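One structure is given here, and the rest of the page talks about it.
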Amino acid sequence: MRRKLIAAIGVAAMMGVAACGSDGGEDAQSGDGDKTLTVWVMDGSAPEEWVTELNKEFEAAHEGVTVEIQTQQWNGIQEKVTTALSEDAPPDVLELGNTQTAGYAVTGGLADLTDMKDELGYDTWNEGMLPSAELDGQLYAAPWWAANRVVIYDKSIFADAGVEPPTTREEWVEGLQKIEDETDAQPIYLPGQSWYVYSGFLWDEGGDLAVEDGDQWKGALATPEGAAAMNFYEELQSFSTAPKDTDEATPQQSTDIVPKGDVASWIGLGWEANGAIAAIEEAGGEADFGYFPVPGKTAEQPGHVFFGGSNLAVPERSQNKELAQEWLKLATSEEWMKKYAEATGGAALPNSQAAQITPEPGSFAEAMVQSADVGRLTPITPGWANVETDPNPVKQYMTNVLNGTDPKKAGDDADEAITERINQG
Amino acid sequence: MSNTTLAGPAGAPNAVAPRPPSAPDRAATRARRRKTLGRIWPNLLALALAAFFVFPVYWMFSTSFKPAAQVLTKTPTFFFTPTFEHYGTATEVELFWTFVRNSLTATVGAVLIALVVALAASFAIVRMKFKGRKGLVLAVMMAQLAPWEVMVIVMYLIARDAQVLNSIGFLTLIYFVMVLPFTIWTLRGFIAAVPKELEEAAMIDGCSRTQAFFRVIFPLLAPGLMSTSLFGFITAWNEFAMVLVLNKEPEAYTLPLWLTQFQSAFGNDWGATMAASSLFAIPVLLLFLFLQRRAVGGLSAGAVKG
Amino acid sequence: MTVQTTEGATPVTKEPPPSGPDSRPPGEAAPRGRRSLPSGWLPYLLIAPAVLALTVFLGYPLVRNVLVSFQQLGRMEMISRATVWTGFDNYVELLRDDAFWAVVVRTFVFMAVNVALIMLGGTLIGLLLNRLGKAMRLVLSLALVMAWAMPIVASATVFRWLFDTQFGVVNWVMRSLGFAGYEQHNWFQTGFSTLAIVTLLIVWASVPFVALNMYAGLTTISGELYEAARMDGATNYRIFRSVVFPLLKPFFLITTFLEIIWVFKAFAQIYALNQGGPNRESETLPVFAYVEGMSQMQFGVAAAASVLTILILIVAMSFYFRLILKQEDEQ
């Protein structure tokens, strides 16, 4: 510490410019009074009203504390979090995607919350959300929300074409064909790299993104299951004019594509549906959305979906660890989770059964909970986070196959990259 | 030695040869020689080339003024009622003016420091003999090869350990060192172009070495300083790999970061993105139009000297 | 414009340099003024700030970079701040990796094509500028300055927009010219076409520098020289080869040197257009090192890649270094 201090003084003196604390955060740490608690939330995760209310209550209970919310983009988030966690003054609370949490827990960058289990209400949490927040029996994060994708469709376009929400893949494709034949609309908007959607199809076939191989993992896209899943994806994608080399966030399907009209259906999360509705209303229109679960191979069971979600964690090096844990506790408490569920209209599942609200008929949430039972996670190993870094081999695989590469060959290339990355520390 | 003789050599620090006859003279000789056809094709070619070089710039500005509905069309519209709405969207971003201030501080600061430091160093390199001079020249040359983009992580580690993350001051210093080698190198050419006799003459006239430098050499270097600073300005103004990693606090962002993040946040809103690009480009465009007359030839006079 | 650029080439001061306040007869001041190369501490004092700055902000990071290249530094080591020495592992991994060698080859091909196009285009346009009448020269020069002045981040954004799949104006132009298949043509579908667009962007942005300076250089060549050559019956090509080229040799030397460095180091253009994709097929060495390091958090491997990049660059440029040092001796 001392050496670091000397180095700091040296550099500051050399530059004649002191390190600029940006917003008085530096002063805040020295005094007992004014403190700023920095919270990183991901784009789309925290409804504005909810988070404002929450902070108001928190600030009222902790005098002199200001909570600063900084919204982050998913794109490039891992490098940002990695460097931030290595710093002396990282953000105090972090939202981490459930596929990435283990990757950070293993580094020791996250504060161990095991002692707070009771306070946090560990026993009431949804079991499905736990695996991503724990590592080797220790708790490193509190589950916050979880959600899965459903098909969002424009009721009037479906009605024009005389198409009912499908319950099987066959009906789904038939319906899309009918929309293509009878309307001017794009039957489905599906960009080439929507890899969570692909994962669902892969699970439908009984395959997986990566499988355990002794004490190692290896990629499993170059399999008959991988090819079959991709085959179906390609069939759907052929109904779309979406680019084959981007994912659903570039351009943002919910706010850039759907509101412009003429999209009969698309696959998205609750916050995306809400975003699209807001954008349409802002432009003076009215959204008329219906929702159905991603159809499965048979009518008995909907298709598998990726059970996405986020956890809240406190960086080990946080300067306001206790306060941060307080905030985390409040945000994930039953009371506030209930408000969260209400704020999202049930489109995001809160961390406990008790906080859940009953979805309204015809809502996104109603369709979503239907496939919650067949929700799956990406391979649970710290190395998985490496696979998701850019350029993501699963996305590349999809684009390659869509552009005509043999699935086996594209799969072999992708598996090589996945195997190498997933086994990295 | 009189002042008039002094001005003589100052007028011609040309790299290669005496000045050509004036343009009209040459044009006249040529006109006599060339047939009409021979004069048309260069002009046509020049027009085509001018269109090629100006088009992307034109398209940027034109998109930025287009009403939103006319931006995303299959067939582009060339005539429209200009609107400023995209500029509104672009500048409405929180902290926009902070970014502007940060960018200006880092860029102008880096260029000014670099000019002062480089002036001293290049003067020593050109006009003085000292041990290690050749080594320094080689080092300056090699320093231009520094791949800064791939050194970001090391810079990050250094900044983190010295606790100067999110600091515009530190950024300014990095930019200063980024532009320093090129600045030394070009200024060196300019100083070499100023005849030594001039300085000596001034000293004979009673100036001290310092006085001789500031009164005689410095004014002659003006074009050199301008063209050099132009290059430094572009380099620092454009930089984003470093600031992306070093400055995570929004308060410490610079404009390139705003532009790249703006793009991902606004996705398909090309009108606003082009407005943002325009805003980012305008200062440099203006600077070029002001300084270009000095800079263009100036660089050849300086750099050609090598 | 003629007048402007020519003026720029020869820095003429309006006022004659002032003489010292108390002008003395030349003879008296001579002893002090005669020797022009002082030795002692003054030169060291003058270069000290530059040397210090380069040492602290470039030398030290470079050393640190070499150190990191011998370490395993990933997400884990970064956050826990652990130092794990792994010797030459990173280098071995890279040198054994076919992908790395593919990137090296690609970088050199890319560089050669770009520099050749820039130098050729710049020279030809410079010669054209010299032939044009006043008005046309002004028009072309202004267009060149515009392209030159565009900041890279902005121009990369603009090119992305020009070549946009759905609404790009280039696809529209191709359709209007009657080419089929440009309804939704994705210009960034392969590494090759991505690099072709990067090349267009770099050439577009770099040619003005060469052309305008070439022209400025040409204006310094006396018209009589051309006349004389023409009298001897020399063709245009011969005039260029035996009059213009030898006189402007230093110009070509330096400009090519600069362009090689600039193109080799080109990062923002490639990264901003397509992040080195698709399938990492448009990565050149700097982009490769950045993607390995920042995106995939293999900072040790990235450091090794950057050390190799620097070494390759130094070896490739050693010819130039020698040439320039030789010039240095002559001065």
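By letter and in written order, the chains are A, B and C; residue numbering begins at 1 in each of them.
The rule we apply is simple: a residue touches a chain if its C-beta (ideal position, glycine included) is under 8 Å from a C-beta of that chain, and two chains touch if they have at least 3 such contacts.
In this text the structure is predicted, and so the values were computed from the model without any measurement.
Between the chains B-C lie more C-beta contact pairs than between any other two chains.
Distance from chain B peaks, on a Cα-centroid basis, for A. Chain B and chain C have Cα centroids separated by 13 Å. Rounded to whole angstrom, the centroid-to-centroid distance between chain A and chain B, based on C-alpha atoms, equals 43 Å.
Rounded to whole angstrom units, the spacing between the C-alpha centres of chain A and chain C is 41. Shared interface positions of chain A, i.e. residues touching 2 or more other chains, are given as 79, 83, 86.
Residues of chain C in contact with at least two other chains: 166, 294. Counting only residues that touch two or more partner chains, chain B has 72, 173, 245.
Residues 4, 7-8, 10-12, 15-23, 70, 73, 75, 79-80, 83-84, 86-88, 250-252, 255-257, 260 of chain A touch chain B in their complex.
Contact residues of chain C toward chain A in the complex are 56, 74-76, 78-81, 165-166, 184, 186, 188-189, 275-280, 291, 294-298.
Those residues of chain B that touch chain A in the shared complex are 72, 156, 160-170, 172-173, 245, 248-252, 261, 264-265, 267-269. The part of chain A that touches chain C in the complex is made up of residues 14, 76, 78-79, 82-83, 85-86, 103-104, 106-109, 241, 243-245, 385-386, 389-391, 396, 399-400, 403, 413, 421, 424-425.
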